[in-house]
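There are two complexes below, and they share subunit A, which is joined by subunit B in the first and by subunit C in the second.
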Partner chain A sequence: MKSRYKIAVTVLALLFLAFGFLYSGNSVNAAAEGKITGTIKLSGTPPHMKPIDMSKEPYCAKLHASDPVKMENVVAGADGSLRNVVLYISEGLTGNEASAVPSETPTWDQKGCQYIPHVLALDVNQHFKVVNSDPTSHNIHPMPKLGGPNHEWNKSQPTGAPPFDVSWTGEEVAIPIKCNIHPWMHGWMAVVKGPTTLSDDKGSFTLNVAPGTYTVTAWQEDYGTQTQKLTVAAGKPVTADFTFKAK
Partner chain B sequence: MRTHLLNWSLLLSVVLVLSLTAVSGAQNTAYQENQWMEGAVSHIGKLTGHAKNAREDYRRYCVGCHGELGDGEGENAPWLDPKPRNFTLAQFKCRSTPTGTLPMDEDLFNTIARGLDTSVMPPWNTFTKQQRADLVAYVKHFSARWQTEKPGTPIQIPSAPEVTADRIKAGQEVFRKLECWKCHGVEGRADGPSADTLTDDQNRSIKPFNFHDGVRFKCGSTDQDIYKVFMTGLDGTPMPSFADNVKPDEAWDLVFYLRTLQPMHSKEKEIARQLGLKPIDPNAPPPAAAPQQ
Partner chain C sequence: MGKFVAVTIIVIAILSAIPILRHTWWMAEDISTHGAPIDEQMSETMAEAGISFLASQIILAFFIWRFSNPRPAEKVKNFPGGAKGMVWAAILLVGGEVLALGVFGVKAWANIYFTPPSANAMPVQVQAGQFAFYFRYPGPDGMFGAIHPDLISEANQNFYGLDTDHDPDAKDDIVTAEMAIPVNREIHLLMHSKDVGHSFFVPELRVQQDFVPGLDLSLHFTATKIGRYEIVCTQLCGLGHYNMKAYLSVVSQQDFDDWLKKEAAMQ
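Here is the complex of A and B:
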């Protein structure tokens, strides 16, 4: 009798688990059913990006001697595509979509006296890893808006120091990051709720969302924000192209 | 005639009542701005400070620089450098807590008594301890951060080891390895390669500390105070926290080495003289490449 009871409990537990898996699978599928794709363009002549003088850090100056690193405020392709633009949903997310936090832990690397990537798009409370790949010390100094939801901190990461893990608690587009030792090092972290991505080297992007009506916002560090309202249906990608005007 | 007088006095009283209502309305607005006043307290050992008891002291002694709203925009502020602290942001340089966190009440209590060297903030050591505790609570009532966050966990400072020649030499190696010299200079004269490019969180130019002309440090002059500075960082300035990467022993070595750079006579300076300690050489062979992450 006792063993039968045990079997019944085990079967029930297994059924429970199986339904759980099915259910979670369903919800993931639902979230991925809709798609927003697009291309970011820059109209007009792209501004000249000055080469960076790294002579104050001999190691980095030598590293880039043959091909000096240029400023990265505006990274435009010959075809007018614009890279490093942050895309996110600023309106229309349901509570669940807004509060879901991706499990991927992106890396913020200090390499060759540059931030790699130059712009990082993150979810609120999403963890990221700060790495120093250089044989020189850096101090990583994010400077969120004073009085805002996130707070400034400033940590040294000497050469060989292990990576450390951090996250941001509030939405902010975008937090400037700097290294005081190497004042040319400058980057951004855009912290939003829900799906977010960056335009790639062809200026294109994809945001996976559930069907619904949304406002998509595109943010570029020099040119500010642009928005588009659109409705996403299941299985039909919606296009949202943005064009920023060169100043 | 009498009716006229009656009418006039009636009208006058209506006007009076209306203007009183307006005044009390205005007081209400001011009170709302200070909504955390009633509950704002500080705990310094056995002392409890109450913000409401510091109203008069703040208005008399602090308001000129820190301003009525605690935003650092008092009437003297335009002429001051460094600028008075903006209490509405609850960001403080001198803390015993990790970078990015709120300070302990004791940290603010000590800052009020000690003052901040190289600024116009004098030591307010004429206040009683109770007055200071009340002022700490008053400072806290300006920011909502104190309602939602707790101060960070204070860093632990182990008792100081004995000063030895080896420790001073090891401290100099820490100074080189952590690249303190990039800002503070190879001899600690605030002339490192990055010194003239430094800015604070408001993008105002800021100088690194010059160990040769400064006897007193901004956040206190004891060995423990110096130890604390590089373990907590000075938030709002380029000085970062080294807490993740410096072991307590190394931190003490660095404190001893920094003492050798200062102008006053000290045991450490004497040992450095006997050692014939030379400033570090920034052009020494670069350290080995960082291990692969």
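Here is the complex of A and C:
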């Protein structure tokens, strides 16, 4: 009997050790030594972004009365820099890199009858918080592709309701999000495996990866995807610039 | 005890008649040209129903008062003609009232629905969808562009599914979230639903019409008073029904032209 216990304890200890190694392997990847940087540009005249009429919701209409909110499909700077482009590694990740899940929980806020941010880049299984900062009810209604890995849901969040925590189980670029009560509210969630980021208001981005050969994909909600294949060496940032053409 | 019940019934009947007689919770002020017969119909219905209600309560109270303590030797008397007569009398009374109200009501209704709008009525389209109304003005060409349901997209704020790239009629269409109309001008409202059943209700306009999926319905009305009114959905249409509303601005012709110009610039 005693020897049986010993075997069980040893097996358990070994299992714990094995999981521990796997786990620490993931966190090592987070501190990758390679870097991909770049700038996203838009060539041509940016399309007209319609101002949004929020008169249905008097609180939000009043909030934006002096400076109406515009559509955010294409947010381009005067220098042609393009914001809100999702960047991710579509090929070349090792299993560990792909399955690592960042511990940050980004916020998907409903504020002033707008989604802030307009686009959210997430990892598969990464948790995010849905917040309603408005004195009015919203319903959050993500619509993933039918038959895909993620499932559609629709949840009401009245004024003062506590934030709730959600995650997506499969890769999908990108899931449209809408509010049925305020039809002008529209946003996107890009769910990918591995490191991902968004281009900032200068159009630039940085992706931290381990040295290796990768395909970087840039996704823009109106212009679709572009890819670039590149090799990253340790300690030497590689540049990947993308230019989308205005329709 | 019987007498107490009789008195209570009379008191309740009179108390509940007071707010109706005093118009305490009456309808909002009528701002339409067609509303008068509707209000008249409403008053007549209230008067007839009110009189019948008071009469029945008084009769009930009288019988309770009179027969609560029957004298033992008293013979029970029947309604003249027996139960049969009573049933016939009730059918004639209620049927006559319903018929009379119906005749008047149909007249008020037909005035709105069976009379076509005048030739210079201004067309405005309204689309109901879960859970908002969107309005469309035809623009300078006076023509509405075709609707392509496959092009409807919240992401592009194309709520009507207009093909502005290829359809010249759709190019100058003005889609708005608020409805503005000039005062004293007849409006021809063209209604359709994007999804389920909804309703277009403006109490002050005395207009309440359902949207039926798949049907193009129309209404015509003239607003006579400048102001801002609420358009609400009164047909339970889903989880956001309680918040399905828009605003109707009745403004002067000049203000309307300015507003439309501003909205056209925002398209």
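Following the convention adopted for this analysis, the second predicted complex is superposed on the first by the 217 of 247 C-alpha atoms of A that agree within 3 Å, B and C clash if a C-alpha of one lies under 4 Å from a C-alpha of the other, contacts with A are read in each partner's own complex, and residues count from 1 in each chain.
Simple rule for what comes next: a residue touches a chain if its C-beta (ideal position, glycine included) is under 8 Å from a C-beta of that chain, and two chains touch if they have at least 3 such contacts.
Just so it is clear, the structure is predicted and the values come from calculations on it, not from any experiment.
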Combined model on subunit A: subunit C and subunit B, fit or clash: clash
Subunit B versus subunit C as contact partner of A:116, first or second or both or neither: neither
Partner chain(s) touched by A:132 [first = subunit B, second = subunit C, both, neither]: first
Touching partner for A:59 - first (subunit B), second (subunit C), both, neither: first
Touching partner for A:50 - first (subunit B), second (subunit C), both, neither: second
A:182 touches, of subunit B and subunit C: first, second, both or neither? both
Subunit B or subunit C, by number of subunit A residues touched: B
First, second, both or neither for A:159, with subunit B first and subunit C second: first
Which superposed partner A:146 touches (first subunit B, second subunit C, both, neither): first
Residues of subunit A at both interfaces, subunit B in one complex, subunit C in the other: 56, 136-137, 139, 154, 156, 180-183
Complex contacts: residues of subunit A adjacent to subunit B: 56, 58-59, 131-137, 139-141, 143, 146-147, 151-161, 163-164, 180-183
Subunit C residues within the subunit A interface of the complex: 129-134, 154-157, 159, 176-178, 238-240, 243, 245-247, 266-267
Subunit C partner contacts - residues on subunit A that touch it in the complex: 50-56, 71, 73, 136-137, 139, 154, 156, 176, 178, 180-184, 186, 221
Of all residues in subunit B, those that touch subunit A in their complex: 86, 88-89, 91, 99-101, 145, 177-179, 182-183, 193-194, 197-199, 201-202, 233, 235-245, 286-291, 293
